[in-house]
Structure formats: structure tokens, C-alpha cells
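Consider the two complexes below, in which subunit A is the common component and subunit B and subunit C are the respective partners.
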Partner chain A sequence: MITSFLVKSLDRTILIAAALLLALAVLVPALNLLTAPDHPLHVPTYLVSLFGKYLTYALLALALDLVWGFCGILSLGHAAFFALGGYAMGMYLMRQIGARGSYGNPLLPDFMVFLNWKELPWFWYGFDMFWFAALMVVVVPGLIAFVFGWFAFRSRVNGVYLSIITQAMTYALLLAFFRNDMGFGGNNGLTDFKDILGFNIQADGTRAALFAASALALALSLVVTSGIVRSKFGKVLVALRDAESRTRFLGYRVEHMKLFAFTVSAMMAGVAGALYVPQVGIINPGEFEPGNSIEVVIWTAVGGRGTLIGPIIGAILVNGGKSIFTAAFPEFWLFALGGLFVLVTLFLPKGVVGTAQQYLARRKAHRAAERQDGESDKEQGATAPEAMAAE
Partner chain B sequence: MHRIARTLLLAFLLVAAIAPGLRAEEPLRELIDALGQAKLSDMDEHIAALAKTGDPKVVPVLEALGEGNLYARKADGQVFLTKESGSTLSLTDPVSGESVGEAPKAALSKVKVNNGVRRAVRSALGSLTLLSPDRDARLKAAQSVLQSPNAEALGAIEDALAAEKDGEVRALLEQARATTLIISDRPVEEKRQAVRLLKENGGREALSILSAALNAADDSLKPDIEAAVASIEQSQALWAAGQNVWYGLSLGSVLLLAAIGLAITFGVMGIINMAHGEMVMLGAYTTFLVQEVIRDSLPGLFDWSLAIALPLAFLVTGTVGLAMERGVIRFLYGRPLETLLATWGISLILQQAVRTIFGPTNREVGNPSWMSGAFELGGLTVTWNRLWIILFALAVFAALLFLLKKTPMGLQMRAVTQNRRMASSMGIRTPWVDALTFALGSGIAGMAGVALSQIDNVSPNLGQGYIIDSFMVVVFGGVGNLWGTLVGAFSLGILNKFLEPYAGAVLGKILVLVLIILFIQKRPRGLFALKGRAVEA
Partner chain C sequence: MTGKKPKSLLYLDGVSVSFDGFKALNSLSFIVEPGELRAIIGPNGAGKTTMMDIITGKTRPDAGEVFFKGDIDLTKKDEAEIAQLGIGRKFQKPTVFENHTVWDNLELALNRRRGVFATLFYRITGEDKARIEEILSIVRLAARRDDLAANLSHGQKQWLEIGMLLAQEPELLLVDEPVAGMTDAETAETAILLKEIARTRSVVVVEHDMGFIRDLGVKVTCLAEGSVLAEGSIDFVSNDPKVIENYLGR
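Here is the complex of A and B:
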């Protein structure tokens, strides 16, 4: 059954992309650890961490693509799930510091000592164990998405209304996490991590391993989402994206399907956040900024929504551009990002990958038409990007 | 005892006034000179003795004492009012009021003061000036004796009360008398009346006086005081609720201003304009520029700066809105999510542009004189700028309602909203109506920016603070319904301010957001939903 799932879920592009990611997961750490620093192929550690960060962003964009590209839910709160996963990981890393903090308290993180707290709040229990934290990384975002989605989809809040209330959700979380009383470090967030699973978090080996883990997680998520969207369930998802009422009238429980996709997507975002935090070394409430969630949307849009590969490419392209831009012309990054939003929506509504696919499909259809005259016009019409995405 | 002494003193002063001369001045001089020899611990008595004379000449002496300008001559111990001039002091005789030349500092010793002495001076001055012929001085004196009640001053207050004609001063004096009476050693019956008077007047001071007096009071008086405290507390709670409503209305008016333009673009046209907040910001910066020009060239016009900025802001943001609609949004009709992204991009560009031009820091926008200050209304403190903003928000609302309901343009706008194709067939140029409607919504946001520049920091991030709130207001009130926006803005404002005392500002805001999210589950189309087929479009 698993093999049949795999066979079904892997078309050629997904297979190539997943294989590429696996190769990266081996190659980049190897080039970082095994070559001398002056070797021409040597990858410096900061680049490993930087690209590791991009891969977690790519995972976040992929998670958004599952709901936006295939389900029509434009979530403007996905960075919130990302940040929640990050906080769960951050809490584990905080507990790992133990007595090495500046106050030397073996149980309480520094900021709690600073706030004069006497004991650990109940929601911090268990985060000293990795398996528990790892569980929470998926459970907390998943649970919040489930509850939120259950309310929202049941009462048929959709379209822009849903976007606005997801934005309100992340805004409310932003305000909440800024409060010192919440017990998540207030506006300083969680930082100053020492080690993860016993390994020094600053060490080259750990960084390389985190990169490999990010690449693996991304490859795995790609296969899973591809499996979801290529299954029968995925076809119905696309149907409800394009004509929700009609799908409902056909007898599908639209709200359940949306809820499933939304929850899975939030869990993926949580995993992305958990991989992000040890690589950048900090998590703070700024991650909940509504602007961040909207930025995720543009990564997905640039790459091409509903293409799975597109969001990954988009996230890496936009963030790579951001890194270069903010270093070279810090003043102009927001102009560039803003312009990107406008230009992509106006001229590239299908994104880079979607447009390329469209072009390839056209050419294929054209060639087919050259062989059998007469049917070419119809063929072109049928290879609309939606049909492509659903394949 | 006091009374007899005072009567004697008054009689004495009367005689002194009839027969002016050295005899009347001598005891005063003695009293003043005594200040020079007094120890700090005895100063209170000396000051009280001086105050008791009731002589207006005492006033400058006490003032000088309080300011540290009273010096005693080392040679004979005579005390002078002094004024510093270089290394010497110019001396003034306190009794005759004449200048008596200068003396080196070394020849004089300063009459020592500390905070205890200054306090005694203040309260003595308070009761002394109660009889001043100048009304404002009396008013000030009455306020000062009311704020720092002193049982010794009771007699003086009663005298002043007997002589006072001015209603406002009288009312203050009555309160001051009641306040001092309670801490004096008068009979219980009089105190009871005083408690009653305080209870009727209410206020925070009365509450603290009564609570302070409660411990020292007679057992027979205690129930009265307790009842009075309870009643004042109750009325204070009512006023506090009233104040909350006021704050809520004020917040509501801000929300209304921020959201009303959105109610047009989002509510009427269905465009998600994420750059709406930036229109507000542009309006605020227009105000800043207008004020800069006025400060530089026409300072006299400063009070008119807002009136000038208002139409300008409307034009500026309206033009930007028009350009946005023609340049970007019109290609995205029917794709609301894409519109959202594109306008978000525009908002980033506008923010960065303003940051590049004006810098990232807050810019100073001043309040015209008619917008600064506050006045008391019962137990409410009403600031003028908040009041004007509420009125302005309502005026904008009314104007917009009129425009939509009573003008040909409004008619066309509503027609296009309800059925675009039919409106088009009837000869309405729908693209133009779209463009103008969007410009109108943006222009109104700009006018809101002029008002909000008065109460918020004018920085490139100004708009971002409002965008989520304004969407909440529009969605809560019901899309496509101006009245819904009005009700939504004010109810959210008041709800927020009522949650604040219990939950704190941030948690209150979170609660409101959660409540709205839950509310939308219940009524996905808001408080006042449009009915009919248009909804499903």
C-alpha cells in the first residue's frame, strides 16, 4: 500500500525535487565538514545556516501552498503556526541551558528569574525532554489550527473574511506573546541557547546536521503533500477550491476536508518553525507580525501557487534576494518587495513555476497539434494551470 | 480661646488702622525680627503668629521666607527682604516697604528654611490671602486651604466666608471649611453637617479627607462618615463608568475615522485595500508639511493649520488612491485575494517612500490652541482634542452618508455595487465610478490622518497600527453598511475601554480580537448584513 501511495504521489518533477533535496542534505554538510576552509568547494558554516533557514522558509511556503494553492484558503496567519512551532523548540532549548544561564538557576530560565518567578509555570513542564517538545511542535500549531478552523469552516467563513480573521488571530498572538506575564520571555523572546540533544548548537557539525534535517523534512513534506494532492481526496480539494458550493451539493463534507488540510498545513509550518529556531538562535514575538505571514504568501505567489515545487523555489528566490538586497541597498529592500507583490499579482499570477509549466504544456500541445491537425485549439484550452495543478 | 484672641487682635488692628504710626508697626517688626533668631523647630509658631496679625505686609515677608530671600543683619538682628545683585544684596525694610540700600552678603545671615517651614508658609499665606481684595488671589488661596487642610486655619476660613461675595470662591470656601472642620476640635453636630456637605460635593479629595478622618473620629460620628464614604465611592464608580464610556467613545471615533474610508473601498466596492493605513499616514504627513510651511512663513495662521490640511490631505490621498485604482487595482477586479497582495505591496512601497523622505523617526505635529487643554464636566475630564475628533468623525460620517444617499454620484456608486452589469447597461460609466469611489475612500482616509495626527505619533508606521483594527470594525459592523461601521466602531471602542481596567490594555485588546473572531463564526456577515443575492457574489 505504501509503495502504491509512493508511486501515485511521485510524478517526475516531485521525484526530481525530492532527490535533489536529499542530495543537498548529504552534499552540503559534507562539503562543509570534510573540506578544508581554503578548498574551492568549501561551504562556509554561515552559508550552511543561511540556506538551512531558507529551507525552513521553503517548508513554510509549501505548507501555505497546500491550503492556498489547493484549498483556496488564503491564510494570513501561517507565520503564527511557524512561530508556535519555533516557541515549542525554543522552550526545549531554554530548558537545556539549565544552570549555565547568567543567574545560574538550574530550573528556571533567566527571564523568569529576572521577573522574580519562583517556580516553573505548568506549561513549561515536560519541555526538558526532546520527544515531548518535538510532539508539541506539531501538536500546538495543529490544535490551534484545528480549533480555529473548526469554528471558521463550520460557519462557512471564507474568502477574504477568513484571511482577515487569520490575520486577527496572528495579531492577537503577537500581542499575547509580547506580554511578560505570559511566561514566554516577553518581547525579548527566547534566546542564548546552548545545546540541542547534547550537541553544542554553535558547532559546525550541529549546524550541518540541522541543515540536513531541514532538507530531509522538506523532502518528506514534499512527498506527503504531493501524496495528499494527488490522491482522490486532493482532487476533491481542488474541486472545492474552484467551486465550493457545487462540491458541497455533490455531497462532500467540505468543512471537514478544509479542516484536515488546514491542520496538516499548520503542523508542517510548526515543524518549519522548530527547525528555524536552532539555526537562527532566537525566537521572539516579532515572528507573529502580520506582515510576516503576508510575506510567506508572496513567496508562494512568486514561485507559483498550487505547484508544490513553486513555493520552495519562490521562498529561496525571495529570501536570497532579500539577503543580497538588504546587505547592498538596505533602503530599497521594501521597495523591491512591494514592487514584487504588485508585479507578480499583475503579470505573473501563476508564478515562475506555473508560467513555465504553462509554457511547456502549450509547446507540448502545439507539437501534438502539428502531428494531428485540427484538435490543437481545444487542447490549449484544456491545459489551463488549474488542470495542471490537479494532475 | 482662639476666638477671643482673634477678636482682640481684630480690635487691635482696627485701632492700629485708625491710628497709624509706630505703635502699630513695632509689634510687627518684633515678630518679623523674631524670625531671624528662631530655630527651625520653632518656625511654625513664629509663622503662625505672623499670620495671625492679618496684616497685608506679612504677605511679602512670608513669600520671601518661602523663597529664601529673607536675611537677618548680623549687627542688630534686623530682618530684611533682599534681592541679589552681584555679590551684594539690596535690602528692603519689611515694615515700611522702603529700600534701605545695599549690604555685602557677609554682613547678613539667611533665615533658614526647610520643607516643613515652606509648608507652614504656604498654609499661612493661604489663609492670609483669603481676605485679599483680588478675586483670583482669593480663589487660589481657597484652593490651597482646601488641598492642605489645617485645623488652625479654620477661624480664618470662617471669617473669609462671612465676608465673601463671589459664588465660586464661596463654594470652595464652604468645602474648605467642612474639610477643616472635621479635623478640628469642634462639636460633633457641626462635624456631622460638615460630613454631609462633603458627601454632597463628593470628589476624590473629599473621599481621602473622610477616610483619613475616619480613624480619629468620634464613635458617634463614624457611621456618618462611613455612609458618606460609601456614597461618594458609589458616585465615583458611576463617574468612572462614565469616564470609561467617554474614553470608549473617543477610541470608537478614532476607529470610525480609520475604518470609514475602508467601509467604502472594502464595504462598498469589495476591494481589500491593505494600503488603507498608509493613506491615513499620508494624511498625517500632509498635516505635518502644512504645519512646517506655516511655522516658517505664516506663524499667525497656526490655528488654521488643520483646516488647511484637511482639504489638502483629501486631495493628496485621493490622488494617490486614484492612481492606485487606475494603475493596479482595476486589473484585479474579481480577484480579491490578489488585490490584497498587490495593495500590501503598495503599502510597503508607500511606507518606505515616506521613511526615505521624512526619516524613520516621529515627526512633530502640534495641536492648535483650540484643540489643546481640557475641561471638567462633573467628574469627567474632557480633553478638547478628543471632543473635536469625536465631532469630526461624526461629521465625516454624516457627510459620507449624505453623499451616498442623496447625490447622483452616490446613486451611481450604489447602483454599481448592487449590479455592475445592469448599471453599465443603464449608461453608468462603471470604471469611472470605481475609480472615483476608490479615490473617495482614500481621500477620507487622508482626512482621518489629519485628525489622528493630533493624538498619535506621526511616523511611517502610523498606518500599520490601524489596519487590522479598521478591518475588524468593518467586518464586525457588516460589510457594505455604513451604519454598521458606525455601530461597530463605537461598540468596539467602548467594549475595549471597559475590558481594560479588568484585563489590562493588551489583554483587553486580545479579548476583543478573540470576541470578534468568535462573533464572525456566529454571524459571518457582520452585525448588519446585506440581505439578498448580492451577498453570494
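Here is the complex of A and C:
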């Protein structure tokens, strides 16, 4: 059952993309670690971390594509799930610091000592163990998405109203995480990480391993997402995106379908956040900023929604552009981003990948038609009955 | 709610519903027997579509009883449950899944388990394939199986939707204006198709086209202002003075 699910997911494009990611997962760390710094093919560590970060953004965009591209749920709060996953990882990394903090308290992270807290809050228990933190990385975003989706989809909140309440959700979380009383480090967030699984988080080897893990997670998520959208369940998702009430009258529980997709997507976003935090070295409430979620929508739109590969390419393109642009003209980046969104919406509504696919499909159909014409000229009317039947 | 209902397939009694003070249905009573093909006519605003909304769970009645197969209370169920019970509905405007192929449209409509995990791990069986092939030939779309539904003509979309309803294997089929916008030839074909379908299940057809209803040759119910005005053969109903005044005469 599971194998057939996976075999079906592997259409050629997905297979190539996943193989490419796996190759990157091996190649980039190798070029970073095994070549001398003056070697022409050497990849400096800062680039490894930068591209590792892009890969986690790509995973976030892929997660959004599952709900937006295939299910029609325009979530403007997906960065919240990313941040929640990031916080779960951040809490583990804080506990790993141990007595090496500025206050030298073996149990309490620095910010708690600073706030005069005497003991660890209950929700920090267990985060000293990696497996527990890793579990929370998917459970917490998944649970919040499940509860949120349960109420939203059951009440049939759709379209722009749903988008607005997802914005409200991420904004509410932003305000909550800003408060010192919440116990997540207030507006400073969690930082000054020392090691992960016993390895120094600043070391080249750890950075390379985090890059490889990000590429691997993205490849795996791509295959799983592809399996979901190519299954009958995926067809139901597209059906309810295009004609929700028709789908209901066919007997499908639309709200359950949406809830499943939304929850899976939030979990993927959580994983992305968890891989992001050790690579950038900090997580703070700014990650809940409503603007962040909107940026994810732009990456997805630029790459092409509903194509799976598109959002990955879009996330890397836009963020690469952002890194270059913000270095050259820092104050104009937001205008460029807004302009990009308007241009893509107007001139490339299917995004980069969607437009390319459309072009290829048209050329293929054109060629097939030409070939058929050639044949029917030779064998006079051999294809005519078929053509008539088609009319 | 266990009062003995007659063995009718669908039983509506005293159903009323109003929207912002407008009485869309006014104490409507209506019965469909198993295996019956029934036509419903009536002027705009007579409550035909509202009645279908109530039967399929889209709208809740303010008052009245709606029972399916004698003792299933439809007013307590939602659209998906009612569809799974075996009531299929065809909308006025053809609604097929335009981004899916003809084949996939039928596969989605097949009466199989419809849960999240059942669909996630679904594999098409030989039996399902045979059933889809059979429906494709009934609705005359076998040659277009791999085309996107968006590329079908208006009449073909109507047939595809009828095919999807067949795939659902409903016991009761509600069909809203199936021949609106069809050519005369398509209309005649559709009448034949509906009569074929009604051999194995009950069908309720709402239609304005009197010629089409004459072709069907079945019992007719005329609705006006939310309740039944007249019921009987087409000749009986079309000669009823109230019907002429309310509907045909205008």
C-alpha cells in the first residue's frame, strides 16, 4: 500500500528534482570540507549556510503549495508554523547550552535567570532530549493547524476570510511571543546556541551536515507531497478547490480533506523552521511577522503554484535576489518585492515553472498534431474515423 | 420521529422555509415512489431549487419533515452524508471538475469509500475500470476519456455530469434543468438517457422545457409560490386553469 503510494509519486520531473537535491546533499558538503580554501571548486562555509537557509525556505514554500496550489487555501500565516517548529528546535538548543551561559546556571537559560525565575516552566520539560524536541517540531505546528483548521473548515470559512484569519493567527502569536511572561525569551528570542547533538554548531562539519539534512528533508517532502497530490486524495483536493459544493454532493467530507492537507502542510513548515534555526543561529518573534507569511506566498507565486517544483525554485530565486539586492540597495528591496508580485500576477500568472510547462505541453501537442497530419497524408484517411469520433 | 411513514422513497410533509421574510417554500408536501421518474415544473421563484437544496442538506427547513426510505431524517444530515446515503444531484449549471480528465471525473464520482486515508491509498481495480468504461459508453464520451473536462462542449459537460451521478449509484437522482442550453438533438438524446437511468432508480427532473417533459411522458408536479399547485399527467396539469393562470399562461 505504502510502496504503491510512493511509486505513483515518482513522475519524471519529481524524480529528477529529488535526485538533484540528494546529489547536492552530498556534493556541497564534500566541496566544502574536502577541498582547500584556495581550490577553485571550494564552497565557503558562509555560502553553505546561506543555501541551507534557502532550502528551508523552499521547504516552507512547498508546504504552502500543498494547501494553496492544490487545495485553494491561501494561507497568509504559514510562517507561523515555520516559527513554531523553529522555537521547538531553539528550545532544545537552549537546553544544550547548559552551564555555559553568561549566568552559568546549569538548568535555566540566561533570559530566565535575568527575569529572576527560579525554576524551569513545565512546557520546557523534555526539551533537553533531541527526540522529544524533534517530535514537538511536527506536533506543535500540526496541533495548532489541526485545531485552527477544525474550526475554520467546519464553519466553512473560505477564500479571503480564511486568509485574513490566518494573518490574525500569526499576528496573535507574534504578540504572544513578544511577552516575556510567555517564557520564550520575549523579543530577544532564543540565541547564543552552542551545540546540536554534541557537535559545535559553528563548526564547518556541523554546518555542512545541516545543509545536507535540509536538502534531504526537502527531497523527502517533495516525494511525499507528490505522492499526496497524485493519489485519488490529491484529485479530490483539486476537485474541491475548483468546485467545492459539487465535491460535497459527491459525498466527500470536504472539511476533513482540507484539514488533513492543512495539518500535513503545517508539519512540513515546522520541519523547515527547525532546520532553519540552527543555520541562522537565532529565533525571535519577528519570524511571526505577518509580512513573512506574505513573502512565502510571493515565492510560491513566482515559481508557479500547483507545480511543487515551482515553489522550490521560486523560494531560491527570490531569496537569492533578496540577498544580492539588499546588499546593493537595502532601502528598495520591499518595492522590488512588491513590484515582482504585481508583475508575476499580471504577466506570469502560472509562475516560472507553470509557464514553462504550458509552453512544453503546447509544443508537444503541436508536434503530435504535425506527425498525425503527416501520417494521414500517407495512409489516406487511416486516422479519419478517430477524428470523426472525437467530434 | 419513528411514526410509520408510507413506503415511499422520498417523503416531504409540510416543509416551509423563508429567506429574509420571503417564503420560498410554504408547507410543501411531496412524495416520490421507488423507481419513479417525476417531472417538476413551475414559474421562477416557485421553490424548485430550494426544494432540492432541502433534500440534499444544503438548506435546513424552518418547519416540516423530510424522510428518505421511510425513516431516515434528512433534515439532520449534511450534504456529504446525504450523498453517501444515495441521493445524487445535478445542478442547473453543469459543474464538472474542469481541471480533471473525463476519466478522473468519473473515478472521483464512483461510489467507493470517501475518507481521507481510503482515497490517499486508493488503487484502481479492474472492477472500477470496467464500471467507468461502462458509464463512458452510456454517456457517449468514450472517445474523450483523456481530455480535460474543461474542453468539452456544453452538452457533453451535462452528460459527463449525468455520468458522474450514475457512478455515484444513487437511489434517488435530482436533476435540475438538464436540457437548458442544449440543441434539439441533444435534448432528445437526454430524454432517452434519463428514461434509461430511471429504469433502475428514482429520478426527479426540474425543467422548463414543456416539449422535453412531453417526451419523458411521466407524472408532472407543478409548483407555485412554494407549494404544489397541481399533480398528474402532463395533459391533466397543462389543462388545469390554475396552472395556466400561474405558469403557462404568462
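What we mean here is this: the second predicted complex is superposed on the first by the 369 of 391 C-alpha atoms of A that agree within 3 Å, B and C clash if a C-alpha of one lies under 4 Å from a C-alpha of the other, contacts with A are read in each partner's own complex, and residues count from 1 in each chain.
Just so it is clear, a residue touches a chain if its C-beta (ideal position, glycine included) is under 8 Å from a C-beta of that chain, and two chains touch if they have at least 3 such contacts.
In this text the structure is predicted, and so the values were computed from the model without any measurement.
Chemist: One more residue to check, A:Ile294. First (subunit B), second (subunit C), both or neither?
Modeler: So A:Ile294 only meets subunit B here.
Chemist: If you stack the two complexes on chain A, which partner ends up touching A:Tyr161: first (subunit B), second (subunit C), both, or neither?
Modeler: Only subunit B; A:Tyr161 stays clear of subunit C.
Chemist: Have a look at where A:Met257 lands relative to subunit B and subunit C in the superposition and call it first, second, both or neither.
Modeler: Touch partner of A:Met257: subunit C, not subunit B.
Chemist: Give one of first, second, both or neither to describe whether A:Arg367 is in contact with subunit B, with subunit C, with both, or with none.
Modeler: In the superposed model, A:Arg367 contacts neither subunit B nor subunit C.
Chemist: Which partner, subunit B or subunit C, touches the larger number of subunit A residues?
Modeler: Of subunit B and subunit C, the partner in contact with more residues of subunit A is B.
Chemist: Does subunit B (first) or subunit C (second) touch A:His39, or do both, or does neither?
Modeler: Neither: A:His39 stays clear of subunit B and subunit C.
Chemist: Could you look at A:Ala172 and tell me whether it touches subunit B, subunit C, both or neither (first, second, both, neither)?
Modeler: first
Chemist: Looking at A:Arg100 after the superposition, I want to know if it touches subunit B, subunit C, both of them or none. Which is it: first, second, both, neither?
Modeler: A:Arg100: touches no partner chain.
Chemist: Sort out for me which residues of subunit C touch subunit A in the complex.
Modeler: Within the complex, subunit C contacts subunit A at residues 56, 58, 78-80, 83-84, 88-89, 91, 95-100, 104, 107-109, 111, 114-116, 119-123, 143-144, 164, 168.
Chemist: For subunit B, which residues count as touching subunit A in their complex?
Modeler: Touch list, subunit B to subunit A: 272, 274, 328, 331-332, 335-342, 344-349, 351-353, 355-356, 464, 468, 471-472, 475, 506-507, 509-510, 513-514, 516-518, 520-522, 524.
Chemist: Spell out the residues on subunit A that touch subunit C in their complex, using ranges where they run on.
Modeler: Checking each residue of subunit A against subunit C gives 1-2, 4-5, 228, 231-233, 235-236, 238-239, 242-243, 245-246, 248-254, 256-257, 260, 386, 389-390.
Chemist: Quick one: which bits of subunit A touch subunit B in the complex? Just the residue numbers, please.
Modeler: For this pair, the touching residues of subunit A are 74, 148, 151-152, 154-157, 159-161, 163-165, 167-169, 171-172, 175-176, 178-179, 290-291, 294, 297-298, 301, 331-332, 334-335, 337-342, 344-346, 349.
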